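After the structure tokens below, expect a handful of questions from me.
By letter and in written order, the chains are A, B, C, D and E; residue numbering begins at 1 in each of them.
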Amino acid sequence: MKRKSQSLDSLSLGHGKRVRLWRMLYAHGPGNGTLVVLPLDQGLEHGPTDFFPNPEALDTEFQFRLAVEGNYSAIALGIGLAEKYMKEYCGRVPLILKLNGKTNIADDAEAESPLAASVEDAARLGADAVGYTLYVGSPREAAGIRALSKVRQDCERLGMPLVMWAYPRGRAIDAKGGKGSLYAQDYAARVAEELGADVVKLHEPEGHNEKSPEPYGSLREPAVDRLRRVVRSAGRVLVLFSGGVKQDDDAAVLRKVALYMDAGATGVMFGRNMWLRSAEGALGLTREVHAIMSRHPR
Amino acid sequence: MKRKSQSLDSLSLGHGKRVRLWRMLYAHGPGNGTLVVLPLDQGLEHGPTDFFPNPEALDTEFQFRLAVEGNYSAIALGIGLAEKYMKEYCGRVPLILKLNGKTNIADDAEAESPLAASVEDAARLGADAVGYTLYVGSPREAAGIRALSKVRQDCERLGMPLVMWAYPRGRAIDAKGGKGSLYAQDYAARVAEELGADVVKLHEPEGHNEKSPEPYGSLREPAVDRLRRVVRSAGRVLVLFSGGVKQDDDAAVLRKVALYMDAGATGVMFGRNMWLRSAEGALGLTREVHAIMSRHPR
Amino acid sequence: MKRKSQSLDSLSLGHGKRVRLWRMLYAHGPGNGTLVVLPLDQGLEHGPTDFFPNPEALDTEFQFRLAVEGNYSAIALGIGLAEKYMKEYCGRVPLILKLNGKTNIADDAEAESPLAASVEDAARLGADAVGYTLYVGSPREAAGIRALSKVRQDCERLGMPLVMWAYPRGRAIDAKGGKGSLYAQDYAARVAEELGADVVKLHEPEGHNEKSPEPYGSLREPAVDRLRRVVRSAGRVLVLFSGGVKQDDDAAVLRKVALYMDAGATGVMFGRNMWLRSAEGALGLTREVHAIMSRHPR
Amino acid sequence: MKRKSQSLDSLSLGHGKRVRLWRMLYAHGPGNGTLVVLPLDQGLEHGPTDFFPNPEALDTEFQFRLAVEGNYSAIALGIGLAEKYMKEYCGRVPLILKLNGKTNIADDAEAESPLAASVEDAARLGADAVGYTLYVGSPREAAGIRALSKVRQDCERLGMPLVMWAYPRGRAIDAKGGKGSLYAQDYAARVAEELGADVVKLHEPEGHNEKSPEPYGSLREPAVDRLRRVVRSAGRVLVLFSGGVKQDDDAAVLRKVALYMDAGATGVMFGRNMWLRSAEGALGLTREVHAIMSRHPR
Amino acid sequence: MKRKSQSLDSLSLGHGKRVRLWRMLYAHGPGNGTLVVLPLDQGLEHGPTDFFPNPEALDTEFQFRLAVEGNYSAIALGIGLAEKYMKEYCGRVPLILKLNGKTNIADDAEAESPLAASVEDAARLGADAVGYTLYVGSPREAAGIRALSKVRQDCERLGMPLVMWAYPRGRAIDAKGGKGSLYAQDYAARVAEELGADVVKLHEPEGHNEKSPEPYGSLREPAVDRLRRVVRSAGRVLVLFSGGVKQDDDAAVLRKVALYMDAGATGVMFGRNMWLRSAEGALGLTREVHAIMSRHPR
């Protein structure tokens, strides 16, 4: 199997998608074909709870300043924040408009992420990509795939790259080892490719899990191999790994980034691990992430 | 974090939205950037029950006269009342057309508020804003977000400000401390910003609630701090607090208004606390609310 | 509170609605602003069962002849009967095209009335109004309100008056005293006004019902006061009371009509109490109803 | 009550519907205003099971040859068979395109018949009518009525007669005496008229059934009276009775046909009772059915 | 009954469908009217699990190279793989764009396959057919038929052949003998014809199954007769049989192919039995399959 594609040439993209992906891969961020994305959808997905460790981050200007000063490849957020804050920052950092979302008040047994914005909204706001969450394996998966189909077609029509948050969810996933299992993440990676994503956001797969279906249930592999497996399953889709909850140890965060890039990822999407730090701390850590990226040109 | 934005300049608004918001913030009501809104959707939401203490209020002319003579920033009501009563009062008080609603006959375990009117109805009737109720956290939240998405896009297209009634509801909210908890109101405030509201109507959050998820469950803050927290979570969305059920003690009502404004609210939306009083009593209380507003220019 | 509006001038109506309502209020029927409407939707709603006492009434010509010879303000029926029988009677009696309906084979715990025809069908058939059943309080209320919203907008566009059958239904209504309780009928009346009906069909509210929510549960009022309460809750919406099942005693029927008109109703919608009588009996009773109407000009 | 209408003049039909109905009533089949229709939707509704007694009938050419050589008024089948076989037979026998259908693999407790084709498909294929199954009384009745409403409007627009398979189904019907009861068939007949069918296909109602609601539960009538009752309830809608499962005794089949025509039916729709016979047997029986029809001009 | 039609002339096809089917039947693959199709939808339907025996197959180039070098009639895959890999292979192997799909994470009790792409996507990508999975007998069958109806109409409009994956599924099928039973496969074959497929993919029916409804429950037939029965039930629809899970014994695979062709199939759709072999092994086996096909011109 070939390595993850390293240039836009190997992807079959229309002009609009190519221009916009180029902007994120080469004009912003590390600029060498890798991606460092700052996500801010936690206010909808988890509520203000996530901001308690750093109340300054409740004001979206905090994240925008971080994204601009830290030279991120893109900032990813929903329609409400984009409408209210992009005016001051437009052109200075690419926008990934997250189209769907939900609260976490009800549990995830039948998780469904409704569209709160459209690809046309993204075009109107000058976004360089749209984000779409698919709850892979949820009892409401069918509704998610149907809505995705329309989003994908609009992306094709308007030249907008499609970033999929491929999130295993729902009671069947829970019964088969949970959303963090290698089984779940590996399946999600393939689903992203099968359904037409250009970029996929995944989580680092957990280790051995006996509840997972075979052959995963009896698989025992080191972390980097699990990551490589997931990257391979995503095929030609560019893979971003997520940082998850905040980790206070900077060195540990950086080890994770290096591990992801060693495994073939195109980049990272770290939110709370960045914007729950002080402005200075986050900028410092961001610089070190860029340094790792500079050693993994794509 | 900066204070709640005090002028239209700090908001990213298209021309139509700006003109209409300006009319409510500066041409009507206190006229200093604050809002005093008179809502009348209780006939649908609660039924005639709410009018028993003041049967005169069953005739919508009562509320319209109060809104005009009391110089309210706007009156908020549904399509049926708007169609039948606006003719006599048009131009004299701005209209917030409430687009969705439901009865309270069935319980709220799976609360959903269906659209009974459109943004185009609002434009046709000369409204200065639309109102939309989102039941945050309800098992039917996804349907509510999808419908909101279309409403928001129509607002963008027709230059209509979007006032969100961000109401936590449903069995999951009940299990986590209830709709009045700080957890619920704080989350609802953020949801309003994330999904693209221009103005949000919230309720004063209740005190300590052990059933709420952490960190809310162990939080102990005075009322004004809880209110400030919610205002902060709404970000650049203008916050209106609601009065809830009628309180007979005028002074207590006014203390609440002052508290809300001290906490950074843009205004209040008091219905039963106004129109369940006699015409004279309501006008007198309204004048005192205006006096408080004059001390909190935005 | 003012009395129920007595002329078209007090209603805010577009031209088409005004022309059509005028035809029913002044050109047909008693002609003094009251309404005597003959409904025939029981064949769908209850099945042929309802016709057993007078098999002649199974042939819709029976009702059409009664409506024409009895000088009714309108006949109300569904698309199938309208398509097949209007040709012979068009122009001789106004048509209220009933747009939605269902059988009573399944129970009403989750009652929903699907649209079987459109406002455009009504315009094509030369109807002077459309009828729409809303099951107030049903678990499917949201679907009913959504469909109503489209019907109301089409009525606005095509100048078609909207007659709402505001029917409390569903298991929550049953638990709160039932569809015939004052609580239920009073709420339904207000819902009709809130959602934009021009005319509402209601049932005479029953007496004291302890299962109803307060203050209704402890209310004890004579029949005429209960009726007045409901008429008041309907605001500017014209109220028709229904006759319900057949009553053999003519005098009792007429006492009901007089009572309804005394309470402020605009008219009556009596089906089985008319067309389950012989042709002669029904015409005689109709004449006496007209006589009562002549004493209550609106 | 008048007898079932005997000519097209008594029906209120647009030109297209009239032309097409005329073709079935007078240009094909017995030609005297009666209908002998050959249905072939059992392959979808029941599966290949139905063809076991006569495997030749699995090839749709068998039924087409029978329909043409037996001079049927029409053949009724779905989109797949129509697309594949009409080419050879077009113009030689009218087509009733059956628009909806389902398998019988799941039980009928919540029966619903989804649309598999459109009225436009029927027009494109040169059909002379469309067929639509409504599951009267099913928990999914509302969905069926909504889809029917669109079909009926398309029929009006494209001049296509609407033949309704009015089939009582679902757990509520089962609890009230079953789909074959007089209660169920009589209600279904009226529903067909109320919802705008031009022709209705019904089943012969069974005898006394104590589980049926009153007055049906205590009704005791001979077969011909039960049939007459159902024909009367269908009003101006032309009634076809179905033959149901195959009966080996030719004379018994013919007695049924005579009984149906005596009761006022417009014709019969016999499928398995025809095409499960040998080609010769079916043609012979068809000739005898035509002979009965010749004695019942409409 | 006639044999399965052997030429395009016997099918009633519009020009576009004819051109595209011709390409698969005569310009590619064996070229004698038979079909050898390589499917690759297992990544979505089963996840990466299926690729463990041959990790090279995770890279879709493996299957494309096999399809081109093995001279397949077509390759069948979903929108994501088609978009990303067709550029390099377009014109060298026909594409069947699989329009719908789902994961197997949740169980199949209520299986539903949502559309992830459209017939217009297929036309844009230069596909020669679309694939559509219908879960015959599932509680969600109605949704599947409705979506199929739109797909079929789009196929008619755009001249695109329709290949149906007719898959019995859901708890009712499980209760009646399971998806592999002759009852289930035979019914599915007929459904494909009834609903308008041009080609149907089926599985080899299993032997005697007492849980199946009569007459299947007591049927005892050799494999070739069961296959013939299914081919007959598909009528004029071209039948492809599937290979199912991988079988290591090449000779056994070839015996199956010969059996299918003897039974009247038009061809085979073998995925895992091909691409889980080494490239050389798969090419060798493919050549032997072609040899069998050469003995069964259609």
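Here is the rule we go by: a contact is a pair of C-beta atoms (placed from the backbone, for glycine too) under 8 Å apart; a residue touches a chain by one contact, two chains touch by 3 or more.
Model, not experiment: these values are computed from the prediction.
A.B. asks: Counting one step per pair of touching chains, how far is chain E from chain B at the shortest?
C.D. replies: Minimum step count, chain B to chain E: 2.
A.B. asks: According to the touch definition, list the chains common to the neighbour sets of chain D and chain E.
C.D. replies: A chain counts here if it touches both chain D and chain E, and no chain qualifies.
A.B. asks: At the interface of chain A with chain E, does the proportion of residue numbers present on both copies reach over half, so same, or stay under half, so different?
C.D. replies: Mostly different residues form this interface, as fewer than half of the numbers used are common to both chains.
A.B. asks: Based only on mean CA positions, could you tell me how far chain C sits from chain D in angstrom?
C.D. replies: The answer is 35 Å.
A.B. asks: Based only on mean CA positions, could you tell me how far chain A sits from chain C in angstrom?
C.D. replies: Comparing mean C-alpha positions, chain C is 57 Å from chain A.
A.B. asks: Could you tell me which residues belong to chain D and also touch two or more other chains?
C.D. replies: Within chain D, no residue contacts more than one other chain.
A.B. asks: Work through the pairs of chains, note which ones touch, and then classify the graph as line, ring, star, complete or other.
C.D. replies: Per interface graph, the chains form a ring.
A.B. asks: Hey, which residues of chain D end up touching chain E in the complex?
C.D. replies: Within the complex, chain D touches chain E at residues 41, 43-44, 47-49, 52, 55-56, 58-61, 78-81, 83-87, 101-103, 105-107, 112-118, 121.
A.B. asks: Residues of chain B touching chain A in their complex?
C.D. replies: Touch list, chain B to chain A: 1-2, 11-12, 136-139, 141-143, 145-146, 148-149, 152-153, 168, 170, 172-173, 176, 183, 186-187, 189-197, 213-216, 229, 232-233, 235-237.
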